[in-house]
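I have a structure here, written as structure tokens, and I will follow up with some questions on it.
A, B, C and D are the chain letters, set down in written order, and residue numbers restart from 1 in every chain.
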Amino acid sequence: MKGMETNWFWEFVTPHFIQQFSISDILYTGESEYQSIQVLDSPGFGKCLILDGKIQCSEFDEFIYHEALVHPVMIAHPKPETVFVAGGGEGATLREVLAHRSVKKAVMVDLDKQVVDVCRQHLPFLSDGAFDDGRTELLRLDAMKYLEETELRFDVVIIDLTEPLEEGPAYLLYTKEFYRGLLDRLAPGGMMSLQAGSTSMVISYGFSAVIRTLRTAFEMVAPYLTEVPAFGGTWGFAVASRDVDPTRLSPDEVDGRIAERVSKPLRFYDGVTHQGIFSLPKQLRTEMASDTRIITKDQPLFTY
Amino acid sequence: MKGMETNWFWEFVTPHFIQQFSISDILYTGESEYQSIQVLDSPGFGKCLILDGKIQCSEFDEFIYHEALVHPVMIAHPKPETVFVAGGGEGATLREVLAHRSVKKAVMVDLDKQVVDVCRQHLPFLSDGAFDDGRTELLRLDAMKYLEETELRFDVVIIDLTEPLEEGPAYLLYTKEFYRGLLDRLAPGGMMSLQAGSTSMVISYGFSAVIRTLRTAFEMVAPYLTEVPAFGGTWGFAVASRDVDPTRLSPDEVDGRIAERVSKPLRFYDGVTHQGIFSLPKQLRTEMASDTRIITKDQPLFTY
Amino acid sequence: MKGMETNWFWEFVTPHFIQQFSISDILYTGESEYQSIQVLDSPGFGKCLILDGKIQCSEFDEFIYHEALVHPVMIAHPKPETVFVAGGGEGATLREVLAHRSVKKAVMVDLDKQVVDVCRQHLPFLSDGAFDDGRTELLRLDAMKYLEETELRFDVVIIDLTEPLEEGPAYLLYTKEFYRGLLDRLAPGGMMSLQAGSTSMVISYGFSAVIRTLRTAFEMVAPYLTEVPAFGGTWGFAVASRDVDPTRLSPDEVDGRIAERVSKPLRFYDGVTHQGIFSLPKQLRTEMASDTRIITKDQPLFTY
Amino acid sequence: MKGMETNWFWEFVTPHFIQQFSISDILYTGESEYQSIQVLDSPGFGKCLILDGKIQCSEFDEFIYHEALVHPVMIAHPKPETVFVAGGGEGATLREVLAHRSVKKAVMVDLDKQVVDVCRQHLPFLSDGAFDDGRTELLRLDAMKYLEETELRFDVVIIDLTEPLEEGPAYLLYTKEFYRGLLDRLAPGGMMSLQAGSTSMVISYGFSAVIRTLRTAFEMVAPYLTEVPAFGGTWGFAVASRDVDPTRLSPDEVDGRIAERVSKPLRFYDGVTHQGIFSLPKQLRTEMASDTRIITKDQPLFTY
């Protein structure tokens, strides 16, 4: 097969589904205390971060994931000044948070310092200076433990953990117990957002269980999704709070708040995008309505 | 790798991207006058139709594609009585059309009789009796030629062709010339819809060129998209007409029309879905705004 | 990639090496008490038997493996009348044994009756009537246990087990203890042969450990190898006995014995082949000379 | 699939057979005037040279291919002083030639200087100083043209071309016309050797056509083969001359000549290896006996 690509990265999205993309270079390979780390270059996605064999973000579409995770909650909040980010070692979540002029302090906690260092060296566009911003506090700690012990209260908490539903300490941040505890760490009017895994039908729905579990702690839970091509389909997220419903914001209101508050142009998120991502397709709403699973410490949910 | 699946179907989505899914059976393999035909069974997607090595539809998610192609245009039209379907040999597009009580006549034209026969035998749930419906007229002709010669005028025309943007006669149905000619085949108030290929960033945007070309013939063109997992990401569509804007319909209006007009439960499409699929993410709107390509007979657009 | 094959079987030969071949049909899929069983059809290898995801034999080259396993030991023995086959459920080893006119009784012991049945139905060329031969006794037992309990003594014992060096009861037939016990089951002048896994450098050498272990029980051990394309490279075997050295046979002597004793034409084995397969390449002899591993019940050897 | 390799090189060995091996690094990627060039690193094969998507040699098993190509002809010749190498840009064929103490002059002609340079930089163990040896003359020319024009006569000519049977100028060195012309370039008693492609049954036999074509020019043609794991199976070669039959050499004679003439230890080739590689399995001899193809300028033979 003349002219065909010969070097490929491949990932089991499910035991029955593989995606492969061609690679042009292997920029870094290493093993941290917590996981294997790779940086690959590819014609289709640009430079990619791979942790434990799973793609975490790609140069060409990381803006979708990171804007989707950060801006809906930040825009829905009336004036986010203190923000907590759990995970997100690449720095791109922090980068989006700091684009909000209202932010005075952003605390980011990630256990794996090596991911932070590798990304700063090989994928500097991800943090784009965020770690050098005077408002940033970067801690190498277990996020759970930090939240239990800190006296701080946050306007916005963002959970940006890889593979939340696999075995490993991260699963605890997806339990009923954690969400209930989190209520006390939120300042009055505080809100949170998280990523909740794939919503493609080819993958078993951890998504709906996460949403249901969130609802045991928060009055107002707004699930949303968008396609992240490097993740092999649509990806689920949620904004949760005591009483703010982000779906009430009209496209014009969203665009107005972006213009007023955000200091850089956004590529993915605006008012129309906002309306689209919160309008889930019917089959997913049906699935969510029938799911009765609640994730707890003792009954965690591990997906593939 | 004990317990790993051993038999896989694989498809080059682009030269740089492959998707593979495991298969449990090969139900049919043949070669028609026009293309190779396969029916596979798989744990992840159920039974699948493969034409020329490309997946056309899967048991588990074909409802998304077919409801997305048919219902937005049918619901936007005030009262569709005569419908023309170009392609769609599987019969599922016809099945969705016939679910509208207003339909009196549905003409479907597909060149490849063998696809029709193979689907009726091996994938009967696709047509689900549609070919036996008294309102159906099934013709084995070139759709283009039929439209040039028929005296009939249609309320709705639906273009359901595989791989429209590859070499082959189908490409003519994606040109400016065709769309302009089509205007004369539409009854007063007539509308059309089509599928326009992938909108995932990993694939070069034929989508935006199709939309732009549609706009050379139709005043009102409403692009939309949704994820079809078996196609490896989000898929683009459009509704076009002289003066009906489907995005003006509120979720409640859509739900009202469905309740009134559609004789079976829908799984994908309803008012909220309608709102979501027409709200394209910003990066795609940006891409579309900057695309200046017009597809003509002499300057066709062939994507991978 | 137009015209490319879309359906593929793949097998991890090692964790770092995969072979894939295209398949045209899945003729059988099932699960016996002991293993998963598949029969596939393929353009490159014809019909193939797959056990636990590993190819066991293919229509196009099974003659190489089965002639290589059976004839060197049978020809080296002066007059084999009673033969024992451990494993070999496909029936092709038995088929080759029965081609020797001297054989009066062939006892074959295989635990998995379902493999025998599936092969008789879907791959009848493998046994080619061997199970209906009056000289055959087919027992569904554990080969080890049978040998411990039988009063019979055999002129030739052939060990034809799949994946001998993986966890499972078969590994016991590759231990020092088994080989020593086997001496008592051999009639005077008795000999044995076995397959001993890949000898390709891409795979860790279980082969040399098996040879060394055989030497703890038998005075005369003659390793040999040949390429079996479906197995992804060269495959190792050995003939062992108290005092018969098969490498002493000249090509002419081998051809003479074949002409005299074998009732059907052979495709792989003759005098020149005999000379070739016992002449191992130097790097393999070097490897074998330096290997000190002895396989015992308590220190089994499990390769990938 | 935790712990599974994620980055793979793959190569279509035939349209129905793919081999994949995992890669740990991409050391070089470039495009010369003649072909694409890659240097990969891999756990299973070490560093590998890839030309036009096909593996040319690997660190772990290149010694097999290069010793097999060079030593049988060099040892069969009574005293090789002048040697010509066509192709072989990696330098390893030259390396083996220069290990013969009798050699006074070695002319190597390879069109693609970039392959030579890339190998010297990234794979220096291949030439191992051969290009700096005072006996070496390296020319960047078309080998065919050089042989037509030179006045020199050689004791040994070695054809080491990649993919001889594909379209490209190299195919001319596999024709009847070339072999006949070559006779005049050989010194009295002169001999030649070449590689002739795969002899695995999974690949169509160009091998037997090459052998038959050689026989139109040379009285004495001795085909042989050995497994080269990185090439996916056994590989064919031949020694040809007017009247020297290398198969007449006993293992002891071969070992004696090696001891006397070769200045470094060999890993693959010795007397027993010699006996083994010239003893082809019966099915290949049968295939060769029935092949009537003669390769000519006008009727070239292109395999996959």
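Criterion: a contact is a pair of C-beta atoms (placed from the backbone, for glycine too) under 8 Å apart; a residue touches a chain by one contact, two chains touch by 3 or more.
The model shown is predicted, which means the values in this text are computed figures rather than measured ones.
Chemist: State the pair with the higher C-beta contact count; candidates are B-C and C-D.
Modeler: Greater number of contacting C-beta pairs: C-D.
Chemist: For chain A versus chain D, which are copies of one sequence, does the interface use mostly the same residue numbers on each side, meaning over half shared, or is it different?
Modeler: The interface is built from the same residue numbers on each side, given that over half of them are used by both copies.
Chemist: Just how far, in Å, is the C-alpha centre of chain D from the one of chain C?
Modeler: Computed value for the inter-centroid distance: 33 Å.
Chemist: Just the number, please: Cα centre separation of chain B and chain C in whole Å.
Modeler: 54
Chemist: I need the residues of chain C touching at least two other chains; which ones are they?
Modeler: Each of 1, 4, 8, 15 in chain C touches at least two other chains.
Chemist: Hey, which residues of chain D end up touching chain C in the complex?
Modeler: Answer in residue numbers: 4-5, 8, 14-22, 42-45, 60-61, 63-64, 200-202, 226-227, 229, 232-234, 266-270, 272-273, 275-283, 285-286.
Chemist: For chain A, which residues count as touching chain D in their complex?
Modeler: Touching chain D from chain A are residues 1-4, 6-12, 15, 23-26, 29, 38, 40, 50, 52-53.
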